[in-house]
Amino acid sequence: MTGIGLSHILVVSIALFFIGVYGFLTRRNMIMMLMSIELILNSVNLNFIAFNKYLWANKMDGLFFTIFIIAIAAAEAAVAIAIIINLYRSHKSIDVEDASDLKF
Amino acid sequence: MFEKLSLSLIPLLPLLSFLLLGLFGRKVFKNFSGIIGTGALLASAGLSLSTAYNYFFVSGKVDGVYQKITALKITWLEFSPGVSIDIGILLDPISVMMLVVVTFVSLMVHIYSLGYMKGEERFSTYYAFLGLFTFSMLGLVMSSNIFQIYIFWELVGVSSFLLIGYYFDKPSAVAAAKKAFIVTRFADLGFLIGILVLSFNAHTLDFETLIQRLTDPNSEYMRSAIAPAFLGLSSLTWGLVLVFIGGAGKSAMFPLHIWLPDAMEGPTPVSALIHAATMVVAGVFLVGRLFPIFAISCPGALELVAYTGAFSALFAAIIACTQTDIKRVLAYSTMSQIGYMMFALGVSGYGNEDGLGYMASMFHLFTHAMFKALLFLGAGAVIHFVHSNEMNDMGGLRKHMPITHITFLIACLAIAGVPPLAGFFSKEEILLAAFHHNKLIYGIALITSGITAFYMFRLYFTIFWGKEFHSHGEHHGEGGVVMMLPLILLSLGAAFAGFIPFSQLVTSDGKPFETVLHLGFSIAPVLLGLTGIFIALRFYKTQNDLSEKISSSLSGFYKSAYHKFYIDEVYLFITHKVIFNLLGKPAAWFDKTIVDGFINRLGSSSEKISEETKTLQSGQVQQYAAYFLAGAIGLGIIFIYVLTLK
Amino acid sequence: MTAQDIIFYLLAAFTLVTGFLAVTTTKIFRSAIFLLFSLIGIAGIYFWLEYEFIAAVQIIVYVGGIVVLIIFSIFLTQEAGSNLPDTALSKKITGGLAVVFGFGFTLLQVLQHKFIGTTEQGIEPNVANIGNRMLGVNEFGYSLPFEVVSILLLAAMVGCIVIALKKPAEK
Amino acid sequence: MNLSLLIIIPLAAAIAVLLSRNGQQVKWISFLASLAQLGLSLFLLSAFMGERANGNVSQMLFEQRYSWFAPLNIEYYIGVDGISISMILLTAFVVLAGVLMSWNVEKMTKEFYFLLLLLSLGAYGFFISLDLFTLFFFLEIAVIPKYLLIGIWGSGNKEYSANKLALMLMGGSALVLVGIFAIYFMSGIHSFDMVKLSQVHIAIEVQKIFFPMLFVGFGVFTAIFPFHTWVPDGHSSAPTAGSMFLAGISMKLGGYGCLRVATYLMPEAAKEYAPIIIILASIAILYGAFATMMQKDLKYINAYSSVSHCGFVLLGIGMLTKTSIEGAVMQMVSHGLMTALFFAVIGMIYERTHTRKVEELGGLLKIMPFVCSVLFIVGLCSLGLPGFSGFVAEMTVFMGSWQNPEMFYRVATIAACMSIVVTAVYILRAVGKTAMGPITNEHFLQLKDAAWNERLAAIVLLLGIVAIGIAPFWLSDLVSPGAELIVNKIAGVIIY
Amino acid sequence: MMNELLLMKSELAVTAVIFILLFIKINDTTSNETVLKIVNALLVLNVAAGFCCVDITGELFSGMFKTNALIAFEKNLLNIGTLLISLLSYEWLRNHRHLPEFFVLMLSSLLGMFFMISSGNFLIFYLGLELSTIPVAALCNFDMEKRQSSEAAMKMIMSSAFSSGILLFGISMMYGTTGTISFAELPMLLTGSPLQIFSFILLFTGFAFKLSVVPFHLWTADVYEGSPIAVTSFLSVISKGSIVFIFLTTLYKAFAPMGEVWYNLIFLLSVATMIVGNLFALRQQNMKRFLAFSSIAQVGFILIGISGGGQNGISSSVYFVLVYIFSNLGAFGAVQLISSFSGKETIDSYKGLYQTNPLLSWVLTISLFSLAGIPPTAGFFGKFFLLASGAEKGNYILITIAALNMIVSLYYYLRVVRAIFMEKNEQPIAAIQGSIYEKAGLIICVLGIIAVGLYSPFYEYIYALSVF
């Protein structure tokens, strides 16, 4: 019916994954890092959905996994943002490179 | 026949006295420690004499041959079946003779010391040590086992150490004690290895078995022993030579003699006992003990004994002429005389008349013990009187100490070989044996005997004649009866011991034989002796500068002789420069820097690595994540591509 | 190439480009908006895959929740966060290299793999099916995870409140 | 005879020490406990001899066996043969003397005695263990008390020394650990039971790899070259009793382990590696002796000489003849007693003069005759004078070593023999300078001779030394069946 | 029905405690002391509850949740640890403004671990993992007024989010290649293809991250140092323990067909972990940071035990966790006590501690010795069994490296001991009078350290449980 198969979607998701990783590794703003994490999680979600759709449609494991990942992403983001805001209060900065008192 | 108990008591009584005085002497027996010591020794001497009588004249001889009797044998430490250290008592002519010599001289010294050492702070310690020495020496001579002899050998060494270092606050005494111990210890190393070699070949440590196995040319032990082992020599030769090295050390043979003169730092009676009459002849005794093996199985080793003895005799005699310390002169004289005994053994054969040298050596050992102890005790009396060891401080003492003078003179005549005193007889036998066997040695011996007469009388004249003695301050005469009695007794020995028919009693194979004194043969040595005496008389009887003239004309030789041919310096060089600097210091350095340094480096380098790598932990979350990613991908690569390749 | 393919390519390109812009733009607010677009793009792909329910959840939770949360937090930290100094070039390069390398490696692995799926009859991912299973306790029921997640959300809430709450004035 | 008492008494005493109220109580508890322990050891000796006289020929006597960690076949399995008994006796003597020598410890008395008792517990446990796990357990127990003893009550560069000691010994035991695992898994019987293990054959390849580990691991304890450097530092920094325990007991743990575990369980490898062991031992003997000559501190002198003396132990083991192994064990006992006494005397001198530098000492014989007499005796023992234990042990080693006819063994033996001369040099130098000669310091004149506790300690150790020196046959009889067993194992005769 | 409830008894108990605490919080009038009394009583009850009906084995929710005696025991261990942390942190907790929340979060995390341990598929596992992580990240921030605390929390949440992203990617690939998320079905479907290996490694990094295995450990020290000690000890003991347990289950069961891969992986990583952990611990001054690195090194040892496989692998690892709980909590407890009374956390400030606080010094010393593996403490037995388990595979190189690493670790543990006992200090830390709770906590730890080792039935019990 269509020429688009699993691999196409996987390429997209892997690319998205590494875009997220790139953002996580290079952006100094913590909120931006958080956003990169969201991209990573979305790429995983896409994986799950794609696998569920193309390979394992008989069960809905992938689908449910995605749903729970979305839920957890929300919780994680919430806690992370709370922490970032708290950090901002004490450091007056959300630059991740500034938050390196703890080292060596 | 031979009571184990009474035999054991001979050494054990002095030991008991040592223990009593050593443990409780300073508090409990403060006032009669001398009496205790002397009493113990008196008993011991009595027992020895009765043993000797019993052995020689009652029951020792079976079928005309003196038997070796093992009177006692206790297994002390068993190494392997058959090879064990036994503590035992072996009676044979030489050990019985030595028993007499040791107990007698020791008794004399004990008595003498009652006066000589009176008022010493560590009087009882002194007697304790004397007891220890006597015990060890008796144990040595009675040994039935080669390892037993080594044990007592060491004990003798240590008692010598203790007695030389008796005046322990004098640095020179301490140094001398250490030197004596270490030099003999070095020689003992040879002895020890020798024992190992012999025992390995003979599979026994027991003297009787050892001698029997190593003299029987057909025994399997012998075959392995005479096979060439190392550097072309058989292990038997090595063993004997090594054992002889031990003996040479104790007996102050060249070049291991350097400790003996220094040992004179000890109290004079000690010198008389240990460093003249008994301990120093242990080497001779040892060679005598193993004589059958030397003579029958390994004449080569015996040659070595002969030449070492002869050289030492001459060498020491020359040095003795130049020394000015009275005790040192006697010390070199001792060395020279022991050299005589040694080469006498060296030129001897085994059995019957062939064993003349052996007999003569033992004879000389016996007579020498008498006159040399007498000389030392006399010298002690002189030193006691003059408060100095230097000959220059003495002179004209004959009026002040007549008894000493007479006894000293007797001893001098005896050592010079003037008939009919004891030394004459024993020396003649030695010369005769040498003459028959080796002319070169005979020549050396002859010259030495002349020199001996010269330096002895040099000593005699300088002390008792020469310049007048000006007494300054108090002098307490010759010392009491306790000091004179031993002198007199010993002088009797020195005078008449020569008449003992030694060849009837002590021979190489236990069979008595007849000796004849060839008067014609005696002329040369006696004449030489008299010449020596005469020269000494000429030089030293009255004060004159003849001796200085001679010595300055021979200045180079004289000087080196005076400095004992620089042997000490050579040793000093070897020990300090070579051993300390080349072995000790590098070892210590190596330990500190390399071995220890390595361990420390191990610690410090891991800390360093830790410090260097700390930037890994940079505090940057993103960097952590990068490592994380790199780790994950890297492991992926490793596990997909690297580890599956095989 | 069918229209569906073209739609997919468009969606994919849209998602990736906006995603890429989201992590590279210097302006943080703009980056948030790009993120929003990217997430919507993914929702579009879900639609394309006929997973409408998931697409709806995606839009509601992400677009309606998380991105809003992020935007709020941007506002809260605006004075410091709006104009961060740019990332050091070296970091960009190393990060970029690592990512490119990782991307290549992963892609290689994935593309080399032969995926074999099931031949069984698929289940329609409609709301009824999902709802039944979500609260089911028997086989294929997901009520336990559901409970766990609810505890998780509770805990996260508690945590957020404690941390983010402004400290009361010191007495 | 319940062997566990040997562990229980120190343990109970240690607990009692912790609960006691003052220093005096602590000391008396420790003293009585160690006295009881000595009595027990002597009783053990007589019981053992009695059993043997009655014809009990089983390899180990008084065995006790309780399952400990059943899944791994770990047992609390104890028993003794002659070798262990001689070690136990040594420990008992040294501990008693050590306790007495510490009578003046005022700083943290309770802790001090607690650690001493713990250390002795480790040693006793080690010597009676027949299970490798138990053995290893006790081996390690004995390490940390030493660390604390040195670090807290020591002198000089104590923290450094303590660290070095603890780390090197632990390093040794780490190797031992690996070796034990190898034996456990490679023997095929999954057992730590030494008696059982001695009856199975471990593959030669396995032996070749793990014998060095075990031997070096235990060797570190007994100062095998080049892992001996903890010895000088550790001994010299330790408090008196610490040094006594360290040299007297702790170094023997290693020797015993080398013999009982490494050599006994891996005989073929022992044969294979014998030349290396011998070379290392000879190096240690001579090199230790030469290094000693250069030392200026009395404790360093004794420490380095311990390296040299312990070399005899390794030499004896390496020579692999019955006599030499017997000699090695005797040397362990002898050296333990002797060196403990030596350290005790050094401690006495140091406590009074506050110096251990040989140059600063002199003429002490006049001031403290008892102390110096003991110093003399122990010095003479150290240089191998007959009548003391050192002679007997060394001679046995020499005799045993000479039984190997090849040139290599001969050279090693001669090298070892040479050390007796070097030993004489440094001992006489040290002792001579310290006790003899002129008094170097006015203030020495006010010093007092040994107190009762010091006298008692010295006498206790001297009794041991002389008992062996005068009558070595009892020790030799005690040890030789054990040595024979090991040699038979090496020769390939397996006794079931 | 009753039976099914019993299967989840631990989870239900913890949930109940959480809700009770929420009610207390809503009430908000009770003083901290009272709350702590209640909390500790509840935790004791919780522990007690854990120990009844331990022999129940079964599954719920069609295999998503399962339990057996071993898992119940593991949960009990975690319960005990939590109780100990609560006891040991008394002083710090007493003064904290958000006490009930602290426990709510901590217990949520504990609950997450329970689910994780009991999980029968990746979903529950993942949810449990997140539930155990996210609240802890919040907890890291609980030293509200400290800068470092928020930094630690940030690092924690960022790293764990990143890690869970990668973990999820791995799970998704695993799902794609096998079609299941159930642990029970997984072994039959694993083929060992490269992608599976890769996804397994990605999955593994998720464990490795939580377990602080090198090179995924870098967050550990920073987070440990910045967080409140109570949280640090929770992270280093309870959290790691739970991961060890689930690790065992997944590796030995779900990934059994990939045995060779994970064996080599663990071999490599354990060597790296031991070495790096030890090297970094060498020069730490801050006690928390020091313990962080030392715990990394300990993980290296645990990995050796895990690598052994089979009954020995399980029992030795579980046993070590038991030992580790007592030892590490003993050490953390002492550090906590000192820190909350004097504010000092550096090793140098511990100099002369023995003069002022002998008992506390002994507790700390015994704990450290146990960590170092010195007999007669339990740590010795723990390490011995770990290494024995590893040695069973015949990999003596690994064992030797581990044994040598023990020396390095001893070196730095002794550094602390040295400071306490040997070095002098002008102003040592003043005498500390802890409360009854702290004393009780420390006493339990010390008793545990001594008894767990010497008294072999503990190990034998665990061994008996360690069967599948």
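Residue numbering begins at 1 within each chain, and the chains themselves are lettered A, B, C, D and E in the order written.
Please note the rule applied: contacts are C-beta pairs under 8 Å (C-beta built on N, C-alpha and C of every residue); 3 or more make two chains touch, one makes a residue touch a chain.
Please read all numbers here as calculations on a predicted model, not as lab measurements.
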Exercise. Mind listing the chains that sit against chain B and also against chain E?
Key: A, C, D
Practice problem: Chains touching chain A and chain D alike, please list them. | Solution: B, E
Quiz item: Where each step is a move between two chains that touch, what is the least number of such steps from chain A to chain C?
Solution: 1
Quiz prompt | Among all chain pairs, the one with the most C-beta contacts | solution = A-C
Quiz item: Of the other chains, whose C-alpha centre is the longest way from the centre of chain B?
Solution: C
Quiz item: Central chain, going by Cα centroids?
Solution: D
Self-check item: Rounded Å distance, chain B centre to chain D centre (Cα mean)
Solution: 36
Quiz prompt | Euclidean distance of C-alpha centroids - chain C vs chain E, Å | solution = 31
Practice problem: Express in whole angstrom the distance between the two chain centres, defined as the mean CA positions of chain D and chain E. | Solution: 42
Quiz prompt | Distance from the mean Cα position of chain B to that of chain A, given in whole angstrom | solution = 96
Self-check item: Junction residues of chain B, two or more chains touched
Solution: 603, 614, 617, 619, 621-622, 625-626, 629-630, 636, 640
Practice problem: Would you pick out the residues of chain D that each touch at least 2 other chains? | Solution: 167
Exercise. At least two other chains touched by the same residue of chain E: list those residues.
Key: 123, 127, 130, 134, 137-138, 141, 144, 153-155, 158, 162, 166, 173, 176, 179, 194, 198, 221-222, 411
Quiz item: Considering every pair of chains, which are in touch?
Solution: A-B, A-C, A-E, B-C, B-D, B-E, C-E, D-E
Quiz item: If you look only at chain A, which of its residues touch chain B in the complex?
Solution: 21, 24-26, 33, 96-97, 99-104
Quiz item: Which residues of chain E touch chain D in the complex?
Solution: 311-312, 315, 369, 374-376, 380-381, 384-385, 387-388, 391-392, 394, 396, 399-400, 403-404, 406-407, 410-411, 414, 417-418, 421-423, 456, 459-460, 463
Quiz item: What residues on chain A touch chain C, complex-wise?
Solution: 1-4, 6-12, 14-23, 25-29, 31-32, 34-36, 38-39, 42, 45-46, 49-60, 63-64, 66-68, 70-79, 81-86, 88, 92-95
Self-check item: Residues of chain C defined as touching chain A within the complex
Solution: 1-2, 4-5, 8, 12, 15-16, 19-20, 22-24, 28, 31-32, 35, 38-39, 42, 45-46, 49-51, 54, 57-58, 61-62, 65-66, 69-70, 73-74, 76-77, 80-81, 84-85, 87, 91-92, 95-96, 98-100, 102-103, 106-107, 110-111, 115-118, 120-123, 125, 129-130, 133-134, 140, 142, 145, 149, 152-153, 156-157, 159-160, 163-164
Quiz item: Touching chain E in the complex: which residues of chain C?
Solution: 106, 109-110, 112-113, 115, 117-118, 137-145, 148-149, 151-152, 154-156, 158-163, 167
